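So, here's a batch of structures to check.
Note that chain A is present in both complexes that follow, paired respectively with chain B and with chain C.
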Partner chain A sequence: MTGAFVEIDALPRPSATVVPVAAARPSPARRLLRALPPYLFLLPAIGCLAVWTYRPLAAAVNLSFFSWNLLPTTPKEPVGLDNYRRLLELPDLWHALWLTAAMTLALLLFTVALPTVVALWTSAIRGRGRAVYRAMIFAPVLVPPVAGAAVWQWMLDPTSGAVDRLIGHPINWIHEPGPAQIAIVVITGWHLLGFAVLVVSAGLAGIDDEYTAAAMLDRASRWQTTRWITLPLLSPTLVFLALMTVLMSGQLTFPLIDTLTQGGPDSATTNVYYLLWEWGFQNFDAGFAASAGLLFFVAFGVVATGLVRLSDRLTFHDN
Partner chain B sequence: MGRIELDGLTKRYGDVVAVDGVSLDIADGEFLVLLGPSGCGKSTLLRLVAGLITPSGGRVLLDGRDITHAPPARRDLAMVFQSYALYPHLTVARNIGFPLRAARTPRAEVRRRVEEVAALLELGPLLDRRPRELSGGQRQRVAVGRAIIRDPRAFLMDEPLSNLDAKLRQATRAQFRMLHETLGSTVLYVTHDQVEALSLATRIAMLDDGRLEQLGTPTEVYDTPASVFVAGFLGSPPMNLLPARVECHDGRVRVLADDVEVDLWPGEDVEARDVILGIRPEHLHLMAAEGPAGPGGMPRLRGVVRAVENLGAEESAQCAVGGALVHFRGARPLGLAAGQPVALTTARDHIHLFDRHSGRRLAWRPLADRPLADRQSADHEPAAALHDGVTTHQRSST
Partner chain C sequence: MKRRRFARGVAAACAAALALTLAACGSDDDADAGGTSTAGVVPELGPDQKVSIVFESYNLAQPGPWTDTFNGLIADFEKAHPNISVTAQKPQTSTLKGYGSASTASIQAQIATGNAPDVAQLTFGDLGYTATALGAKPLDDIVGRDAVQENFAGTHPFAPTARTLGDVDGKTYGVPFVFSTPVLYYNADLFTQAGLDPEKPPTTWDEFKTAALAIKAKTGKNGGYIDCFTKVSGDWCYQAVVASNGGSVISEDRTKLTFAEAPAVQAVEMAQDLVNSGASPKLSQDQAYPAFARGEIGMIVETSAAQGTFIKGAGGAKPPWTLRATVMPSFTGKPVVPTNSGAALFMFAKDAAKQRAAWELITYLTSDAAYTQITSKIGYLPLRTGLLDDPNGLKTWAAENPLVQPNVDQLAKLKPWVSFPGNNYVQIRTGMLEAVESVVYSGADPQKTLTDAQNQAAKLLPRS
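Let's turn to the complex of A and B:
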């Protein structure tokens, strides 16, 4: 018998006679119409941003090259980079920057360190107890800053205040530099602690229990588990809190400084935001304040970018 | 050493009883598989042993020491989680070395042991990767590595192969068997996959709804299922279970159902009772010729083929017998087509009987005044029809 082996091709193939026809592309107008809806939905948000954020920002950039006393009747005087030169030569600026940094660092104690400890400690609490303690710790967040400041002012009074009576000897909290700084930081911290604890608790809840279970079976102690497993997995949350603290501390301390110390004594509590406000709305030096504002804007932008990068690097997706 | 004893272990969640009074004695070096359907309480039982949840009742003993309330870290057990639970921020090397690091082992020693384990599990090139950069099979091996780097008293494994594809599963099964032989440690292994259970276990504990249904070697559990539940769980397709009735006619003990006639042995005074008749699909075959179903005749099931399924090496035919559907399996081709009438038969040794109400296996016990054919305990009693003695069916122990 003669024959030949041929390869079997079991897969169906398109027959040679069928020529694939390119699907007709819709007309440009039609395509535009189809692509439009997402942008239409975005429009209101972008509009608000433009009116309330980008336009003032552009105006501030513009204003920083002028000298102007905020009176509509006086003309703006172009001064070039003069505002910036004056600004960088001013010792007040560096003092305020340093103070802002120090206060922010101290505030991190209340927005990152303490909340982490509290959240870790209380993570075992379940049921009704959890709701009660959360409500307790969250309550200060709901107190308006100015109202809180008024109550604290009364409590910190050196002659009749509850705080001094509690610690047993009189400290003039508001009129001595050191105590005034501590008071501002602690009161701001008291305001933020509850919020920060909630954020950390949410972060903890987001960590799969299996990891801690696995660590327990791997015979890690509680402290080892916290240090090697829980804290690293929690770090994106903590970086987020640090970012919020850095970006918001100036704004959050402002109402306190304004009501309690007015930047004093001897500008011991004058942070950059208070300084800005003084320049702009007490000295009526709008161009100067605008240039300082832009400088801080850039500086905070750099810090924020660094923290966001850090947060990205610390985030581990386990899938 | 690693003997685990469970004594009436119970876990309740509100009204749900996840684990219901389970008592087990797992000998040192044993590979015990907890087998059961989804939601039967396997993971809960394993976590009770691990100490991750506290029992509502009962005790856990490890080498005779009561560890019911010992924290997991004090139990000296290693666990492979169903999700693997690899620490996502640590490299493979750090994951594997974690138990040693927690025990404050010197760094050089940790590195040496990690390399040893990595070599054993072929993880060498992956040591610097993080879990998310690994495939499912690689993750599974890292999880095993983390468990075996320490020398625990026993390993607990919760469906470690359930995320792997069929081929990898088979390869890993072989690896587990090898590991168990090399390490010689006790393994408590959870799965819902009967093939895994039958091929790996030294003993299988079948769980149903939190209760222990049967405990025995794979052979015992497969060949003499203790209940309808076990019979219907094992085998693919599982055992055919038909409602039937044991009766005594003309001096013969018979099992009868619609279109089913099984003649067991001569007998008188056997109390008629409702039973479930069980026959494994692979034990059925086509009857060569329609012989008489009289005394001594072969068991006979008459039906009509509904469908034929190709299983690769074999074919499985579904036949309507009476009101029930009977699966029957044989070498391909069976030579059957849908709609065709068939007569099936099986060896009498392959007949299983269960009580209709309790679902427990029925064993044939000759009465005391007759010579005893078999003195084995009810649990190990072979198939009901094995002995050609006379008299009553008894319920096996419940």
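Let's turn to the complex of A and C:
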């Protein structure tokens, strides 16, 4: 842990003042009763977590060793590690993993790089113009993904779409592998940009103006203050956005893939979540989908841990 | 510090969300012995016996003529059977794509929660799974074989080729309801502009290619699209193209995959050549059929379910163009072997009264009166072909709508759309179609791609 990190420790310690030093210790039952309230407060949260997260997780682990099609009339057939073996042998899996990684990287452009630029620029705008500008950038976030996808489908049509007429060159954005990948990433990015700008703006608003003022006094240029003061102080926000993108990009691209390309053409736009959904709810292969889901769960868990560690090491805390 | 904790919280939440995706799979199974041991035939309903049933159809998910026609039919049925009330619903899935597998997934989800509709319209490509895994009721046992056959007869009997399409192991599980065969629709105006005779549409794939290239060269529009070679198209029409070249996708006894054998490979090579030569555009199904309706493609091989869209498009275009139809092209020197698309009506009701009411609905929906409406308003084949010669039926309509004729001609030589066996049938079908799509539209090596796909898919066949 680098930087000046100070635990806030101003409150008086209650144990020293509130609890009088008793001559005789209270009975164990009484002590238990007194210790109980904090745990009772925790109970609803832990209960929900157990019922909605840990129990299904355990059920998924269990399910991944069976072959079953979800029907109550069909018996579950134990298959041992077969589901995992089949999964690792499947070329589709590695292909989809690679595509998921590539799409996530490309999306970082829209969720980290562009929002930072936009937010830094718009922070200079003052008054009503700023609100209008931000509202315009935020608008796509409010468009439901499936409705947005339908409109994009018309705009990307190779013969009568607005996009091809604008660039004056017929490209079938949805049915050619390269352009389809670009289309999915750009449309997802268009959706997320507004939200990311909002987060970065909030991060900027949290930075004390006095640092910039002090730097100005020392005749630092605008670029220098941005590079050496604003960006380091903004880094926790940016790492948070990167983490969000890595963990959510699969889910965020799902409705677009489902509406626009169905993973095609030639499996060029599929990702691990789309594949998981196809296995579980199109092919009715619940055991196989559960094993895939667990594998992804572990993999994303590792990635998330890595990113959290990284954020600990990289981020600069302003306290 | 707060921010970091928040990030960690989000990470945990995301992981939880991922786990929840699987939660739906993890529900404990309530043992439900939905046995089919119905002793004898279900009794008729008493005159005052009130029954309400649920009917699910993917046609109700399509607005316009589809939904209107079905709602009209159900209203007529309720008028004729005042003691039966029908709740009509569309498949309960989030996705709009792939009516076939989406409607099966919907039934699957409802059975898993113990709440299946009483009558459902499911495609023939899901027949095996519907009968064996989903537990559709064998109609021969529920209402008796005689009643089932009696329904196929009547004033205008079912076409003989259509009767057995819903059979599994000699028993009727589904009453064939609405389907089409692959029809070649073409734009007569583009034919004339390209110097082709609209009276002589292509009869072979070679002629199809020549005509398509002529249209492309002379009019600047796209030549011809075949909606049979993508994952979204489904495999019914692909099976017809392969069968027309003397091949198949699975052996007769449904134990061995055959879609990487020579006739199937040649069929896919033919399609690849159409795309590579520029005769056929690289489009998805969603792009192709509206483009044809707008007059931007010369020809399209498509189900007649899209005919309504084409008629509307042709009439609404500026200037309007003339829609014509003919039978699917053949491979030179070989007969055309059309397959059927579409769906049958299956019964999932468990209670005897509901089963009887469900049967009443099935017989009504496959009656002369219903087909008269379905054919004239949607464009599906009238499976009771005699209606086309009946002045009280569809005779006048057929005279005004020659578009129905190729479909009726092909009905006589129909080869059933075969469903893949086992619980992994969708995965086998998808694997096959993805390989076909990558050969036809991405230029992959035909033999190698199909062989690889077949080897992968063979592992998914049920172990015998």
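One rule holds in what follows: the second predicted complex is superposed on the first by the 291 of 319 C-alpha atoms of A that agree within 3 Å, B and C clash if a C-alpha of one lies under 4 Å from a C-alpha of the other, contacts with A are read in each partner's own complex, and residues count from 1 in each chain.
The rule is simple: a contact is a pair of C-beta atoms (placed from the backbone, for glycine too) under 8 Å apart; a residue touches a chain by one contact, two chains touch by 3 or more.
For clarity, every value in this text was computed on a predicted model and none was experimentally measured.
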Review point. Looking at the overlay, does A:L294 come into contact with chain B only (first), chain C only (second), both, or neither?
Key: second
Practice item. Considering only the touch criterion stated at the top, classify A:L70 as touching first (chain B), second (chain C), both, or neither. Key: second
Exercise for review: Could you figure out whether chain B or chain C reaches more residues of chain A?
Suggested key: C
Check your understanding: Is A:D208 in contact with chain B, with chain C, with both, or with neither (first, second, both, neither)?
Key -> first
Exercise for review: Figure out whether A:T226 sits in contact with chain B (first) or chain C (second), or with both, or with neither.
Suggested key: neither
Check your understanding: If you stack the two complexes on chain A, which partner ends up touching A:S123: first (chain B), second (chain C), both, or neither?
Key -> neither
Exercise for review: Mind working out whether A:M216 is in touch with chain B, chain C, both or neither, as first, second, both or neither?
Suggested key: first
Review point. A:V308 contacts which: chain B (first), chain C (second), both, neither?
Key: second
Exercise for review: Overlap the chain B and chain C contact sets on chain A and report the shared residues.
Suggested key: 317, 319
Point to revise | Contact set on chain B toward chain A in their complex | key: 50-52, 71-73, 75-79, 81, 83, 85-89, 98-99, 101-103, 130-132, 146, 150
Revision key, fill the gap. In the complex, chain C touches chain A at residues 1, 3-4, 6-8, 10-11, 14-32, 34, 94-98, 101, 105, 108-109, 111-112, 114, 129, 133-135, 222, 230-232, 282-284, 286-287, 291, 294, 296, 423-424, 426-427, 430, 434, 437-438, 441-442, 444, 456, 459
Practice item. In the complex, go through chain A and note every residue touching chain C. Key: 5, 49, 52-53, 55-60, 62-63, 67, 69-74, 76, 86, 90-91, 153, 157-160, 172, 174-177, 236-237, 239-240, 243-244, 247-248, 251, 258-259, 261-267, 273, 276-286, 289-290, 293-294, 296-297, 300-301, 304-305, 307-308, 311-312, 315, 317, 319
Review point. Where on chain A is chain B touching in the complex?
Key: 208, 210-211, 213-221, 224, 228-229, 232-233, 316-319
